[in-house]
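What follows is chain A paired twice: with chain B in the first complex and chain C in the second.
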Partner chain A sequence: MIPSRKLALANLWVAIVAFTVASAMALMQALSRADLDLPWRSAKMYYLSVTAHGVLMALVFTTFFIMGLAYAFTERALDRPIEGPKFAWASFWVAIVGTLMVTAMVLAGKATVLYTFYPPLQAHSLFYIGLALLVIGSWGWCWVIIRTYLAWKRENPDARTPLPVHGILATIIVWLIATVGVAAEVVLLLIPWSLGLTQVIDPVLARMLFWWFGHPLVYFWLIPAYVVWYTVAPKVAGGKLFSDPLTRLVFVMFILLSSPVGLHHQMVDPGIAAGWKMFHTFNTMLILFPSLLTAFTVIASFEVAGRMKGAKGWFDWLEELPWSDPTFSSVALAMIIFAIGGFGGAINAAYGMNAMVHNTAWIQGHFHLTVGTATALTFMGAAYWLMPKLLGRDLELTLLARLQPYLWFMGMLLFSIANHMTGLKGMPRRVYQFDYGGSEIAQQWIAGTGISAVGGFFLFVSAAFFALVMLGTGLAGKKREQEPIEFAEPLEPPGGKARLLDKMGLWTGLAILLMLAAYALPLIQHLSLERFGARGFSPF
Partner chain B sequence: MNVDLYEKFWMWAAAGIVVVFIASIGFTTFGQAIQPPSHIETIDPQTVRSDEEFGQPGVTINPDGSATVVVQAFLFAFLPTEIRVPRGRPVTFRMTSPDVIHGFQIVQTNGNTMVVPGYVSQFTISFDRAGEYLVVCNEYCGLGHHNMYARLIVEDVVAAAAGGER
Partner chain C sequence: MNDERIDPSREGTPGLEGAGESHPRGTLAIVGVYGLLFVLGWLFIYFFVFVPRGALTP
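Let's turn to the complex of A and B:
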C-alpha cells in the first residue's frame, strides 16, 4: 500500500491530460506545416498552438509526470511514507494554479511567446507569474522528497540508497540547480518588466539565464526515464540489472555535467565570447559518456533476461524478450530512437556544425526524438505499468496499449527524419508558412513537410490510444488486489562497494563549483559591457 | 568496483568516441578557424533607425574587393530586401534589430546568426556559387515571422562592381 497514492495519481493525471491536449494541438501544427488548407488555419492560431504545445509538453506534462513518478517510487523504494504530505499537497496546488494561469494566458492569445518566451517579446504578466508558481510548486516537491530521504537515512544509517531513489535525487539536484537560472530570469527580469516596473530588458542576459535552465531541463526529463530503464525495464523483461555501481556512476555524472553547458544553445548569439561557447561545447561532449554507458548496461540487462529464459546463441536472446508488453516495447523503442537522437545532439552541439542546423526544422526533428520519444514514450510505458498498480485496477484496452508504442515509433521516424532533412535544406523551425515570395528552394521543402504530416498523424493516433487506455483503466478497469511495485534486482547486490557514489551532498557541491566555473566569468563579463535594454513588444 | 570485461571494453570505446569528437572540434576550430559568430558590440535599440550605420542599411564594396553588408532586421522584414554581393570575396554582414530578436539565416550555407536588439551581430563568409540565395528569419518574432525574408544575389565580380554603383 502506498500512502501517498492519491498524491502520485493526482500528479500523473495532470500530466496525462496535458499530454493529450498538447497532442491534439500538435496534429493541427503538423498538418498546417504541410500547407494543408484547414478551415480554421491562421497565423495567430498556429503560433498560439505552438506556444500551448511547447508549454504543455515540455513544461507541464514532463514536470507533473516526474513528480508523480517520484512520489510513488520514493515511497516504495524506501518503504516508508513521505514526510509532510500536507505540504506536498499544498505544493501540488501551487503548481496547478500556476499551470492554469499560464494556460489561460496562452489560450487567450495574450502570451504567444512560445515556451522559450525570449524577451523583448512580452507576454501578459500573469504568464510569467504562473510560470514562477509552477516552479515554486516543484520546489515544494523537491523538498518533500529530500526530507523523506533524510529521514530514511537517519532510520537506516548503514543501508545503501536504493537505486531508484539515487536516480530521483539526481533528478532533483539537477532541477534545483537548473531552476535557479529561470527563477532569476522570471522573477528579477521578466515579472517587473511585464508589470511596467522596469522599462527595458537585456535580451542576451535573459537568454543566458534561460539556457542556464534550458539544458539541465533536458536532463531533468531524461534522468527519470533512465530510472525507468534501469530499475523497471530489466524486471519487466524478466531479468536483472547488469550493474548497480555503474548505474550510480551514470546518475552522478549527470549531476556534475548536466548544467555547465547551456551556452551550446547560444552558439550563434552575439555578445558572448567564442571561448566560452567552446568551453561549454567540450563539457557537452562529456555528457555523451554516461548515455553511452546506459545503452550498454540496459541492453546487457535485456540480454541477461533473454538468457535467463534459456537463450544460448548470439542474438536469440532478443526473441525471448516480451515485445508485446507495452512497457517493455516502449522502453526498447525509446532507446533505439534515443540512440539516433543522441548522435544528432552531438552534431547540434558541435561548435562548427551548429550554424548549419541552428533554428532549422532539424532541431524540432531532434528534440522530438529525445524529449518527445526517449522521455515521452518511456513515460507512457511506465504509465502502463504504474497506473494499474496505483489504481488497483487492471489495464483496459490492452490491444491499443500493445499497438501504441509501435505506432509512436513509426510515426516518429517519419516525422523526425523528414524534419531533419528539410532542416538541412534550410527550412526554419517555428514557421506557419514557407512561401517566401515563391522562392524555389522553399518549394523543395514541401515533400518533407508532407511526410512529417503523415508522421504527425500516426503520432496523434498513438497519443489518442494512450489517452483512451488511461481513461479506460481509470474509469472501467477491473478492480483487483493491489499489486506491489517491485524494482529490478541487480545481478550483484551493491554491498558496501562504491559508497562514495551515494554521497549526494558532495556531488551537489562539485556540481555547483562546475556551474560557477562555467557561468561566473561569462556573466561578470557580460554585466560589465555597456548594455542598452530593449523595450517590450507584443506582435501577436 | 567490479566491472565486467565487456563493459570495460565499452567504457573505453565510449571514452574514445568522446575524445574523437572533442579532438575534431578542436581541430576545426584551431586548424581551420571555424568559429561561430560571436561578435561583441552593443548599440541602443531605440537609436537604430537614426543610427549613422544601421539607419542606412546597404552594401559597400571595400577597396580590397571585399564587401560589407549592413542589415536592419525588424518586424517583419530585412533591409535591404535585396542584397547583392560579389562572388568569391569575403562578405562581412553586420546587423542589428530595433525591436525583438530575429534570426538571419542564408539558406544552404553556414551563414546563420541571431539578431538581438541591443547588440550587433557580425560574421564573414564568402560565396563560391553565383546566383540567388534565400535569407530567412529563423527566430520566432511575432505573427508575421514567416513573411520575414530577403533575397541575396551573388554576382560575378565585374557585374557586382557595376551593381555597387547603382
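Let's turn to the complex of A and C:
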C-alpha cells in the first residue's frame, strides 16, 4: 500500500485528462494543415488549438504525470511515507489553480501565444500568472521529494540511493535549475508587461531566459521516461537491469549536461555572440552520449531477459520479449522512435545546419519523436503498469491497450517523417495557410502534409484508445488486492561501487557552475548592448 | 539463429545462469549499427543536402 496513493493518482488523472484534451486539439491541427474544409476552421481556431495542444501536452500532461510517478516511485523505493503530505496536497492545488487559469485563458482566445509564449506576442496576464503558479506548485513537489529523500538518508546513512530515486532526484535537479530561467522571464518581464506596468519588452532577453528553461525541459520530460526504461521495463520483460553504475552515470551526466545547451535554439537570433552558440552546440552534442549509453544498457537488459528465457543466438532474444505487453511494447517502440529523433536532434544542434531546418516543419517532426513519443508513449506504457497497481483494479480493455502503442508508432512515423521531409523542402512550421497563395514551392509540400494528416489521425485514434483504457480501468476495472510496485533488480547489486555518483549535492554544484559558464557572459553581453523594446500585440 | 535453449527445469532461477555473464553481443551489434547509421546519416545530410544549398551569407 502506498500512503500517498491518492496524491499520485490525483496527479496522474490530471495528466491523463490534459493529454486527452490536447490530443483532440492535435487532430484538428493535422487536418487543418492538410487543407481539409473543416467546420469552424479559421486561423484563429488553428492558432488557439496549437497553443492549447502545446501547453497542455508539453507543460501540463508531462509535469503532472512526472509528479504522480515520482510520488509513487519515491515512496515505494524508499519504503517510507513522503514527508509533509499536507504541503504536497497544497502544492498540487496551487498547480491545479495555475493550470485552470492557463487553460481558461487559452480556450477563451486570450492567450494565443503558442507554448513558447515568445514576446512580443502578448497574452492576458492571467495566463502568465497561471504559468507561474504551475511552476510554484511543481517546486512544492520538488521540496516534498527532497525532504523525503533527506529523511530517508538520515535513517539509512550507509545505504545506496535506490535507483528510481536517483533518477527522480536527477529530474528534480534539472527542473529546479531550468525553472530559474522561466521564472525570471515570467515574473520580471512578462507579468509586469502584460499588466501594463512596463510598456515594452526585450524579445531576445525573453527568448534567452525561455531557452535557459526550454531545452532542459526536454530532459525533465526524458529522465523520468528513462527511469521507467531502466527500472520498470527490464522487470516487465522478465529480466534484470544490465548495469546499475552505468545507469547512475547516465543520470549524473544529465544533471551536468541538460542545462548549458539552450542557445542552440537561438542560432539565428541576433545579440548573441557566435562563440557562445558554438559552445552550446558542443554541449548539445555531448548530451547525445548518455542517451547512447541508455540505449546500450536498456537493450542489454532486454537481451538478458531473452537469454534468461533460453535464447542463445545473436538476435533470437528479441523473439522472447513480451511484445504483446503494452508496457513493454510502449517502451520498446518509444526507444526505436527516439533513435530516429536523436539523429534529427544532431542536425538541429549543428550550428550551420540548424539554419536549414530552423522554424520549419522538420522541428515539429523532431519533437514529436522525442517528447511526443519517447516521453509520451513511455508514460502511456507506464500508466498501463502503474494505474492498476495504484487503483487496485485490473486493466480494462486490454485489446485496445495492446494495439495502442503500435498505432502510435505507425502514426508517429507517418506524421514525423512527412514533417521532416517537408521541413527540408522549406515548409515553415506554425503556419495556418501554408500554400502562400498557390506558390510553386508550396506545391511540393502538399503530399507531405497529407501523409502527416493521416499520421495525425492514427495518433488521435491511439490517444483515444489510451483514454478509454484509463477510463475503463478507473471506473469499471475489476477490484483486486493491491499489487506491490516492484522495480527491476540489477544483475549485480551496486554494493560500494561508484558511490561518488550518489553525491547529488556535488553534481548540483557542478551543474550550476556549468550554467554560469554557459549563460553569465552571454547575458552580460546582451544586457550591455543598446536594446530596443517591443510593444506587445495579439493577432486575434 | 541458434535455437539451442537452456533447460528451464534445472535447479536455481530458470535460465538465469550465465545470462548476465555472457557478452551482450546482440545489443552491441544493434547499438553499433545504429551508431554507424547515425554518423553516415549526419554526413549524408551535411554533404548532400546542406552543402549543395550554398552558404547562407556569401
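Everything that follows uses one rule, which is that the second predicted complex is superposed on the first by the 540 of 540 C-alpha atoms of A that agree within 3 Å, B and C clash if a C-alpha of one lies under 4 Å from a C-alpha of the other, contacts with A are read in each partner's own complex, and residues count from 1 in each chain.
Here, a residue touches a chain if its C-beta (ideal position, glycine included) is under 8 Å from a C-beta of that chain, and two chains touch if they have at least 3 such contacts.
None of the values given here were measured: they were computed from a predicted structure.
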* To do: Determine, under the contact definition given at the top, whether A:Lys312 touches first (chain B), second (chain C), both, or neither.
  => second
* Could you look at A:Val304 and tell me whether it touches chain B, chain C, both or neither (first, second, both, neither)? => second
* To do: Report for A:Tyr351: first if it touches chain B alone, second if chain C alone, otherwise both or neither.
  => first
* May I ask you to name which of chain B and chain C touches more residues of chain A? => B
* Give one of first, second, both or neither to describe whether A:Trp93 is in contact with chain B, with chain C, with both, or with none. => neither
* To do: Report for A:Gly342: first if it touches chain B alone, second if chain C alone, otherwise both or neither.
  => second
* Asked: Which holds for A:Gly239: it touches chain B only (first), chain C only (second), both, or neither?
  -> second
* Same chain A residues contacting chain B and chain C, which ones? -> 242, 292, 296, 300, 346, 350, 352, 355-356, 492
* So in the complex, which bits of chain B are touching chain A? -> 1-4, 6-7, 10-11, 13-15, 17-18, 21-22, 24-25, 28-29, 34-46, 75-76, 99-101, 103, 105, 107-108, 110-122, 134, 136-146, 149, 151
* Spell out the residues on chain A that touch chain C in their complex, using ranges where they run on. => 239-240, 242, 292, 295-296, 299-300, 302-304, 307-318, 339, 342-343, 346-347, 350, 352-353, 355-356, 424, 491-492
* To do: Using the touch definition up top, name the residues of chain C that touch chain A in the complex.
  => 1-6, 8, 13-16, 18-20, 22, 24-31, 34-35, 37-38, 41-42, 45-46, 49-50, 53, 56
* Parts of chain A lying in touch with chain B, wherever the complex brings them together -> 43-44, 47, 112, 114, 118, 120-121, 202-204, 207, 242-243, 245-246, 249, 266-274, 277-278, 281-282, 285-286, 288-289, 292-293, 296-297, 300, 346, 350-352, 354-356, 358-360, 425-426, 428-437, 439, 441-442, 492, 497-498, 529-535, 537, 539-540
